[in-house]
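Listed below are the structures to be examined.
Presented sequentially are two complexes of chain A, the first with chain B as partner and the second with chain C.
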Partner chain A sequence: MSKRMTAAFAALVISAGVAGAPGAASAQGVKIGLILPYTGPGAELSPQMDKAIDLYQKLNAAQIKPYKLTIIKRDSKAPNGVAAKIDTQELLTQEKVDVIAGYIYSPDAIASAPVVTAGKRLAVIMNAGTAFITNLSPLYVRTSFTLWQSSYVMGEEAAKYLHAKTAVVAYTDYPPGKDALNAFKYAFEHNGGKVIDAIPAGGPEATPDFTPFFQRAKNEHPDVLFVFVPAGDQATAVVKTYAALGMKAAGTKLIGTGDIVPDNMLQGMGDNAVGLITVHHYNADLDNPQNKAFVAAWKKAYGADSTPDFTSVGAWDGIAAIVHALHATKGKIDDGAAAVKSLEGWKFASPQGPIEIDPQTRDIVMNEYLDQVYKGSDGKLHEKVLATFHNVKDQCKALAIGPCAPKK
Partner chain B sequence: MSVAASPADDAAAAAPIENPAARALMRRHRVHGWEALPWLAGIAFYFAFPDYLSFGCDLLVTILFALSLDLALGYAGIITLGHAAFFGAGAYAVGMLATYNIWTEPITGLLLAALVAGVIGFLSGMVLLRTRGLTLLMLTLCTMALLEQAANMAAAYTGGFDGLPSLPIGPVFGVFAFNPLYADTQYLFALSVLFVCFVFMRTLVYSAFGQSLTGIRENILRMHAIGSPVRRRVLICYTISAAMAGVAGGLWAQTNAYVNLSALGLDRAATVLIVLILGGYGRLYGAFIGAVVYLALEHFLAQIYPTAWQLGLGILLVFIALFARGGILGLAEALWRRYSGKLSRRLRAERAAP
Partner chain C sequence: MNAVAEIAGIVLGGLAAGTVLFIVSVGLSVTMGLMGFVNLAHGAFAMFGGYIIVLTMNRAQYGFPAALALGFFGTAALSVVLERFLYRRLYRAGELDQVLFTIGLIFIFIAGTTIVVGSEAQSLQLPPSLSGQLNLGIVHYRTYSIFLIVIGFLIALGIWLTFERTRIGGQIRATVDNRRMAESLGINVDRLFTITFAFGSGMAAIGGGLGAEFLGLDPQYPLAYLVYFLIAVSVGGLGSVIGVYYAALILGVLNFVLTLYMPKGGTIFIYALTILILLARPRGLSGGKEQ
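And now, the complex of A and B:
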């Protein structure tokens, strides 16, 4: 009896000590499990996100105090979810992390969803863009984007701003591409346009020869050719093929999501890219104080030729979300439900402009920008914002289309 | 562990055979004491590393998949680069039945997976087993690519690239539910399935049927000459191998609770081939050794060096390709022969000395 009393007393003392810890002088360690593809086809994207996370910690050391972030990195390998799921499980059970973050590819987040739910820890999706992912676990919060956000706005503006009547869509044949197609088509046709052809243009792994796809589009004489390809080498090939086929002279405008003019590849596209119109939530030339500071700090840290892109901003906002949840829960971020709750409706001045986490869907609400590429007086390519669309929600979930509809 | 005891063993017990060659042949297929080791290790792993069971499940599934490949490649000599076709068929069978709430019971689910994969193996085998060598290799690859593309195009049913998430898999025997965070039930279930399949496979390859497969691998003309129904045997073997790969795929889908295109890809087919060659093909236990070495190395190197782990794996594979063509087991066997040969020579010399 007395032994039990002693034990209870000891437990009381210890728990009181733990509860008092954040106020104490010593920093409370917080473990973040970061799951990104460090090898395989996604390996070139991970450094852009790693750099953003490092930079945030360096520039915002004062905001992070009194907590100390420890980042444990794991490789999600091939973009199929197999490794990411085991990573998630082991980070939760072996490393006992307080938060999970990362996920560049949608299958990684999709496969890991049941583990995240069972692990009861906040998981911040920093890139994966398939719209319905946030429905899969109540602990997912997304700070990146969905393809529906950019493509939907592009569909509206193709009809309203560019006064296009007909469009052909060429898309990479995997879920983000299909999301882009569906969103564009929905918005364009609800604004009086007509999608006359949808051309699947190869898979995400290798860069196809776009000539046959674009030639088919050219023969159909649409007003606009809407293209979605994953940001990367494919984008350069798209712009090149469009120019080589002389489609501009034939009266077809090339439009797309910002993925066809990624910030870190823009300079390599040359004059062919000048005049392209895209919709995206970020470009490195955005004129707001947060972005100016962000890009300047980036160039200072990583060299003048290095440019942050939308994946960097997704990671930046993700780590900012974690820091917010940390303060809002007074360090008890390992209570996943409370951490998620603290992020519902969270507002943040991001380099991409003001963002908010939708309390209903835990998905990001942000500005989309209608951009045009131009050649600056410095001889380099830049993007100027033609129009800004405020507080754009993921329309797939708002309209409850297909798998985005909440499960019964 | 006496499952594999054949009538011949009983006969041997009744009437001791004097001929040492005959005795050696009888002894070859007896259950050895050391054969319990992998299973004891499997059970010990469960208790020793409760945090690694998810990885353990992956390991067991890979062993089962490599075993199925061993039956086709190692025993019957069917050179295939598309075995993931059957793995994927089994995985999608389980996944689609579960997603649409048609069938979620795991054990019968695996039988259905075996059936689907077996049928595909039988049908494709009827066509492609008429060819040999590089043509056969290309055709197996084509079969897999066709299935993969079919799964990609039927995205409305298969989920395409994103796959089918959060499969509702029923509890084993209606009691033991799968645990998403600590994969304890999954691990024991996978270990049991692997054991059953292994016993089946061991019995099969040591049977007269299995011996005829080895004959076909070693000298197909001679097997034709002695009147063995070669094509039928090879087709049956391919079908069984496909069904077993289907069980591995179904098990993978159940323990992970999702299916996606990675179940069908060249990545998976190539990995399992490397695993088998690394361990040593045509040896039953090659699949075990290969899977454990390859996956453990990959897993722990990737944990320590998330960006550079492939280097370590590459060095190992180069080493195996250069110095150990028979895989790890082949290397061990060669070393053992050399050592025991020396030993017996020395013994003989000692005996001859006085």
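And now, the complex of A and C:
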């Protein structure tokens, strides 16, 4: 009796296994492996992305049909790529997912690249911003940003808009930080400025005490202090230390990528953040119909005090890209090469404005905004757009700098 | 004028960081000196107290002094409970057992904090009177750093006077020097240890709260700064308040200067210096003759 039951059970398991195998994706179910840091220093960014993914599925149920998305989540833990690589491998070999998505930190995407290539599935990068990552695997498509996009524009505007002559750069010492430094320096110095010092300010694992780094910058009396840190806890510490050291009164303006004033942390920064000028591709106050609808739906779903930020938009656009690829390949999204092909040149009306996937680089092309923080009549902090830069491409690949140059 | 301001900025920044280190570490030094108990989980008490202080201020709108008091007594109370039920069983155990036990305790604190509060860092919202800049005549510097340096000095002075001038201080010194002799003279060493353990943990809590501005405050705190606490204690000398004060200030200033001039890896010299000091004076800066 029990033997027969075991056999029946085994048969059931086997048939279920066959049904769930790749190639059967043309049936209704599609498995998306989502790799985000649910613990560790990036843990507070993950809910911002999860919420966006849930919201997209809720609001666009009609567009997703006839497919059914199943999201399988994995924790990438510390921002060093170790766990992310194992996650990628397990999702591809054991869970047999049709698509990989996520990667908040660059080291996660860099370490996972060989596995993604071997797995032959589309992998959508929803946040990691080091420029050369998309060169590491032909299956990478990025819906987030590169640091070269924001930092390059900031470098130009530091010279043109702020009329700065000298700058000190403080950056988190890992790949996107180095990108931010190189991009800012390139653009700033091609517009007549001079970067007089570059200070590596700790790693992404822990928030350092910024006092000695900023004290050094203060002693050098630059016109601007350009800072890149990964958005999250470090951003608040940057704004706080800048204010506490009295650098504003000493004549040094704090500028950066939007990572130093992420929307979901802005209110916690208080008046210290008022007046800060940054360049980024998204802020929650952007005035376009898609963003108005997006933010309204977000607040309705998650409460008036909750705010989407650029990580949410990267995830939103990433899921939209996957849904597009799903329809374009008629459900055969597990054919990685075909899925990537279907996204080359894909255009989408995102909450951040119009975006496109560059067919040559598989990287996003989007608007960058020169933003300033101000205190609104509601007593809360907002960002206003001082200038818009349309269809900004990743300059690292356009200029073929360092590891961004195509392999010979 | 500018050079003076720059040097003052470096020294004050370093002293403030060192003061935080002192406030957290002083309890560890005394309890290690008193009982020879290797309490690596000391930083976990600092974190626990820091969370009480920061959360009561941010979420329950307590004032700064009230939050500090709550952090001190809350953490002291917790430490008494743990001391009575857990630590006490391991006083006679080997050092390896003590290390394993306290490391385990750290992981419990880390996981507990992550579950209850979350893994994000908590930031200290300073009262307006402590934020901003203070005019010191020759230089303007951040008010909070000056406040910390003064508070740290007062705490060091207070503890030193207690040690040197009061009965309980005399009992502690006697027990650190020779525990068996102290016991045979009728000093209740168990009770003495409970009191100093609670006080040391309470001080760590204050340090965790006051230092959140510099060291941050997240669940990884007890592991992230463990090495610095141990350096301050071992360089300063077990059981020595003044020794730990000097060691913490030196460590703070050195760390600040090295980070400023060599942002990448400059702190390696701190470890090298620690080894050299301990080679020359195995019992720390204040440690006298070998026993």
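Note that in this section the second predicted complex is superposed on the first by the 381 of 408 C-alpha atoms of A that agree within 3 Å, B and C clash if a C-alpha of one lies under 4 Å from a C-alpha of the other, contacts with A are read in each partner's own complex, and residues count from 1 in each chain.
We take it that a residue touches a chain if its C-beta (ideal position, glycine included) is under 8 Å from a C-beta of that chain, and two chains touch if they have at least 3 such contacts.
What you see is a predicted model; the values in this text were computed from it and never measured.
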{"item": "Combined model on chain A where chain B meets chain C, clash or fit", "value": "fit"}
{"item": "Touching partner for A:K384 - first (chain B), second (chain C), both, neither", "value": "neither"}
{"item": "Which of chain B and chain C A:T39 touches, first, second, both or neither", "value": "both"}
{"item": "Contacts of A:K375 with chain B and chain C, given as first, second, both or neither", "value": "neither"}
{"item": "Partner chain in contact with A:K299 - chain B first, chain C second, else both or neither", "value": "neither"}
{"item": "Contacts of A:K248 with chain B and chain C, given as first, second, both or neither", "value": "neither"}
{"item": "Which of chain B and chain C A:T236 touches, first, second, both or neither", "value": "second"}
{"item": "Which superposed partner A:K332 touches (first chain B, second chain C, both, neither)", "value": "neither"}
{"item": "Chain B versus chain C as contact partner of A:P175, first or second or both or neither", "value": "first"}
{"item": "Partner chain(s) touched by A:T207 [first = chain B, second = chain C, both, neither]", "value": "second"}
{"item": "Smallest distance from any CA atom of chain C to any CA atom of chain B, in Å, after fitting", "value": "6"}
{"item": "Overlap of the chain B and chain C footprints on chain A, listed as residue numbers", "value": "39, 43, 173"}
{"item": "Interfacial residue positions of chain A with respect to chain C in the complex", "value": "39-41, 43-44, 173, 199-201, 206-207, 209, 211-213, 215-216, 218-219, 232-233, 236-237, 240, 243-246, 249, 268, 270"}
{"item": "Residue ranges of chain C touching chain A (in the complex, touch as defined)", "value": "6, 9-10, 13, 17, 114, 118-121, 123, 125, 131-133, 140, 142, 144, 213-216, 218, 220, 224, 255-257, 259-261, 263-264"}
{"item": "Residues of chain B touching chain A in the complex", "value": "50-52, 54-55, 58, 152, 155, 160-163, 165-166, 179-183, 256-258, 260-262, 265, 267, 299, 302-303, 306-307, 309-310"}
{"item": "Chain A - residues contacting chain B, complex", "value": "38-39, 43, 73-75, 77-78, 80-83, 85-86, 89-90, 92-94, 106-107, 110-111, 113-115, 117-119, 130, 136, 173-175, 178, 204"}
